[in-house]
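The following blocks contain the structures, represented as structure tokens.
Note that subunit A is present in both complexes that follow, paired respectively with subunit B and with subunit C.
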Partner chain A sequence: MTSLAPSRTTRWVIGILVGAFFAIPMASTFFYTLRDDDGYSLVHWAALFDPAKAALYRPIWTGLGNSLVLALVTVAIVLFLLTPTMVLVHLRFPKLRPGFEFLALLPISIPAIVVVVGLAPIYQHIARMLGTGAWTLAFAYGVTVLPFAFRSIQASIDAVDIRTLSEAARSLGAGWPTVLLRVIAPNLRSGLLAASLISVAVVLGEFTIASLLNRQVFQTALVVVKNSDGYAASVFTLLALAFAFVMLIVIQLAGRARSGKGRP
Partner chain B sequence: MTSPTPVRSLPRTAENSLLADAHSGTRVEFRGVVKDYGSTRVLHGLDLDVAPGEFVSLLGPSGCGKTTALRVLAGLEHANGGAVLLGDTDVSTVPTNRRDIGMVFQSYSLFPHLRVIDNTAFGLRRRKVAKAQAQRRAADALELVGLDHLADRFPHQLSGGQQQRVALARALVTEPRVLLLDEPLSALDAKVRVQLRDEIRRIQLRLGITTVFVTHDQEEALAVSDRIAVMNAGRIEQIGTPEELYLSPATPNVAAFVGLSSIVAGVASGASVLVWGETLPIVGDPVTGEVEVFLRPENLRLVASGGIEAVVQESTFLGSFRRTLVRTTDGALLQVQHPASERVEYDDRVRVAIEPTPVSVR
Partner chain C sequence: MTIATPQVTPDGAERCAPPRRGASARMWAWLGLVPFLAYLAVFLVLPTMLALASGLFTRDGSFTWDNLAALGDPVVLATFGNSMWLSLVTAVIGAVIGALVCYALLGIREDGPVRTFVDAAAGVFAQFGGVMLAFTFIATIGLKGVVTQLLLGVGVELFADGPWIYELPGLVLPYIFFQIPLMVITFMPTLSALKPQWAEANLTLGGTRATFWTHVGIPVLAPSFLASTLLLFANAFSSYATAAALASQGSQIVPLQIRTSLTSETVLGRENLAGALALGMIVVVGVVMWLSSLIQRRAARWQR
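After this line comes the complex of A and B, so read on.
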């Protein structure tokens, strides 16, 4: 074989190394949750459903619920605010794009701790207007996920000639809402899926902002519970990872089922 | 020009909803349309009147404003002055989606996520036509362009020519008041281009739909148009039938662009003109005095003796004939068309004579 592709052996070695990089910490955590004095058992997993310990784990369930709501609101911000804005900039104000891109990528270079310093006074106003519900954190998370969401959506926008497609749709009698929903959105689907997925992942994994603004989310709850029950925190971490994997697979399958390219 | 491969005959009128409803077309009018991009004026008060059912081409080099004019008509660009009329209605302020137009674009514009049949039915669905009826009419439109057998395909499964045919069907299925064609053939290879060009004209005649066709290809415009508007620098230089433009171009630009004509000096006296010592009859009104004479490539030939001396600049083989660009001793460039058997090469010294055929002067 004269191709540039690595040999079969090399591919296996790379695969095993990369796999080990991800698998070892997860496997270690898993075995840790199975540890029971000198032997191994499922006692720490069973404890999740132990009514006696329900009060101890309550912060995690509350935090998880809050985080899922936050993930939903953040995804809504990405889909219904960021995406139409990006399409508008692309079609109508292409000269704004460099500035817009700079702004969108900026949050990645600002440490969360610095962001919080700026956000604290803003959240005093938000608390007065909208209350202190955990979901209000989504405004901050909407900014945090900007760089990731922007990149994946922009890649989709650049891959499709949405200018011609929207002009064609309008010439056929479609108004702007129809153009966005029925023509542009379906063709940006892969980018929108990726952006949503990354946003969910970022929100579920965020700790600093929530902790410093005194909101209870999944990650802050894990820290609280870890202080009293390290096993439970590990169990929940594994469950969260499994949830992310399942979500990834489900979204991929859904994407494939509705894609025309999958059909014969 | 005939197509290299046979094209399916059109279905009988009674069977096809589009043909059954064929009407007499809508009048299209540009009235003093002005368009600026920033401080650059790209349309200088464009006036154009397209009769119902007429096929008019906007022809010109890139940057002449032809595409801008079409986009103003479509409502995709807003004019800075003047008015655009469809029928008797001023549509200048009507948004694109309510202008009732059909448009085919230069780049492939089919919706990638929709099957051919759903692409074609898109305009009908926007007009609240029930799904079953929309699909039936879309199938009729696809039949019109000979692609009804590909209704279930996705755009990426079609060739470029097929995609543009579907785009044509999609534009026609709503029976719009005007069909706008923005260089729809320029992305296709030569053979498909000629085939689709002739088919567009045939369908346009059958449906009687008013059509505005933008192209930079003079051969394309000459082949299909009722009238051609030759544009240059934001203005229409001349508008007329293909024959008028070819035989009596109004300006050197039109002459060069439409007929590949060369321009030489001559002295006219009434109905004839003296060029290079030859007396030629004049096309059109008699004139007297110094004039510019338009010489089309087929007015000129290579001779062994007589005529005038020239040097070959380039020579192109075009099947049964060659077209050769020569420079005369006084510096004029002339296009000469001659049999392919008369082979010449760069820097050859040749002699060029004028056929004693009628010529246009200015």
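After this line comes the complex of A and C, so read on.
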């Protein structure tokens, strides 16, 4: 493979130039949060724990709480609605797979800003039936995360022969619930973990739908706080980006643990 | 993006089910598909239909071409023009730089720490939080941004011609910031599928590294590159969060104009402008994504 690879110098030049483009805004944001009236200090970071400023930051904590609930419900949709359907399609309707894949990847081609126009009337009905609890937004988010979750889970399904596994379990007398929970789910765990983590990341970062439906989530709260305290918004931005980064690292390490075994 | 690799599972899957439970088991299996399909119908298909339909009907439900006529309004046309310009510029720049990053990554071990770091960072920047990207750019090259003031210190005035960061040109840098990582994510699989044997064959036949790229590498990668660029275009065209966080008012691009028409009763003297704009967006994004998958399918020939 080395015959295709660029020379060490080329690699460094590309790495440094592009790396700088990404590092400068991150570093600048960090220095921005350190700004004090005359010099630099950690005052804006310490302010997060300052009771006097608690009221100012309350929207963020409320939004973050709502976003976490939404993330939980969205993950539940992925695990208990999407995953069983994917297993079912794989086992019983292999001919439907291309169509199913098309449906699952469809949200990539439909801008969220378009979906929001049509979601507004639907959520008026939902508010009447289920109330206006923050969690109801998870129905919309389940669709937003669908392409990401689908890809992660499909990669796992393709890597494991779940047909043979399920037939073996069935012939040993296991019922379908047992097969799903105790045979198939453990074999798909890296894909399910990746799908769950990416769903959490996407939900925590979602702004378009929440803001136009007037919901309070983490991102909309950031915008609210930004208007009164730009430093706090930057501190939370850095923390959230770091959090998402760590989650994606975990996804990769988990995926590698799986593929590491099967690698020739 | 990976497009449907038609993976034909050995047929006869239906026959695997024991015959005695044939008919009823099949019915149960079909029923098992219902919850998810119903969910998609209500939260994906229905909202899209409603959005498109609202562009074609008046508020009391009669069919009209009137709203669609809004798409011909000079203001709306200019907004679509802005959106296309922004998407095209950032897609091309993002695609070229992203492809260079993929090329540089070729020399790095696939399970090494550098690759893990780059992949995770790409995922964060491409898919996570357009709002936060906007904030980092405000902290960097905003009116009081760190880089703005550093440049001021050496006598360069970034905003001599007015605060363009809150206008259309200000969107270019933040958009490139999420376009490059998306290119890395979508293009890397194609690039790493280039067969080393082709390079060896090229060397055996007396070629150089340069002739490999001009005669083999670039022709083979061109369709994928083009498909990814189109995907980037669609991505920029549909993204809303970054622009909304940077420009808290105004409607320089189509998604922002949808915001304006959703939050105020009448825009340009029309009621259902949001629906008409949504229809216009779907058409543009739909055509672009269709082209992209068409090209991708052709590209897939080389990826066996």
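The rule is short, and it goes like this: the second predicted complex is superposed on the first by the 219 of 264 C-alpha atoms of A that agree within 3 Å, B and C clash if a C-alpha of one lies under 4 Å from a C-alpha of the other, contacts with A are read in each partner's own complex, and residues count from 1 in each chain.
Note that a residue touches a chain if its C-beta (ideal position, glycine included) is under 8 Å from a C-beta of that chain, and two chains touch if they have at least 3 such contacts.
Remember, predicted model here, so these are calculated numbers, not experimental data.
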State whether A:V183 touches subunit B only (first), subunit C only (second), both chains, or neither.
first
Touching A:L91 in the superposition: subunit B (first), subunit C (second), both, neither?
second
Which partner does A:G175 contact after superposing on A: first (subunit B), second (subunit C), both, neither?
first
Just to be sure I read the superposition right, which of the two partners does A:L103 touch: subunit B = first, subunit C = second, or both, or neither?
second
Which partner chains sit in contact with A:E167 here, subunit B, subunit C, both or neither? Use first/second/both/neither.
both
Superposed model, subunit A: greater residue contact from subunit B or subunit C:
C
Shared contact residues on subunit A for subunit B and subunit C?
167, 260
Residues of subunit A touching subunit C in their complex?
1-6, 8, 10-11, 14-15, 18, 21-22, 24-26, 28-29, 31-33, 77, 81-82, 84-85, 88-95, 97-98, 101-103, 105-122, 139-140, 142-143, 146, 148, 151, 158, 163, 167, 198, 201-202, 204-205, 207-208, 211-212, 219, 222-223, 226, 230, 233-234, 237, 240-241, 244-245, 248-249, 251-253, 256, 260
Within the complex, subunit A is touched by subunit C residues 1-2, 4, 6-9, 11, 13-14, 16-17, 26, 29, 32-33, 35-36, 39-40, 42-44, 46-52, 54, 97, 100-101, 103-104, 106-108, 111, 116-117, 119-121, 123-125, 127-132, 135-140, 145-147, 177, 180, 194, 196, 199-200, 203, 212, 217, 234, 237-241, 244-245, 255, 258-259, 262, 274-275, 278, 281-282, 285-286, 289
Mind pulling up the subunit A residues that touch subunit B in the complex?
160-161, 164-165, 167-175, 178, 183, 186-187, 189, 259-261, 263
Contacting residues of subunit B [partner subunit A, same complex]
74, 76, 95-98, 100-103, 105, 107-115, 122-123, 126-127, 154, 156, 167, 170-171, 174, 180
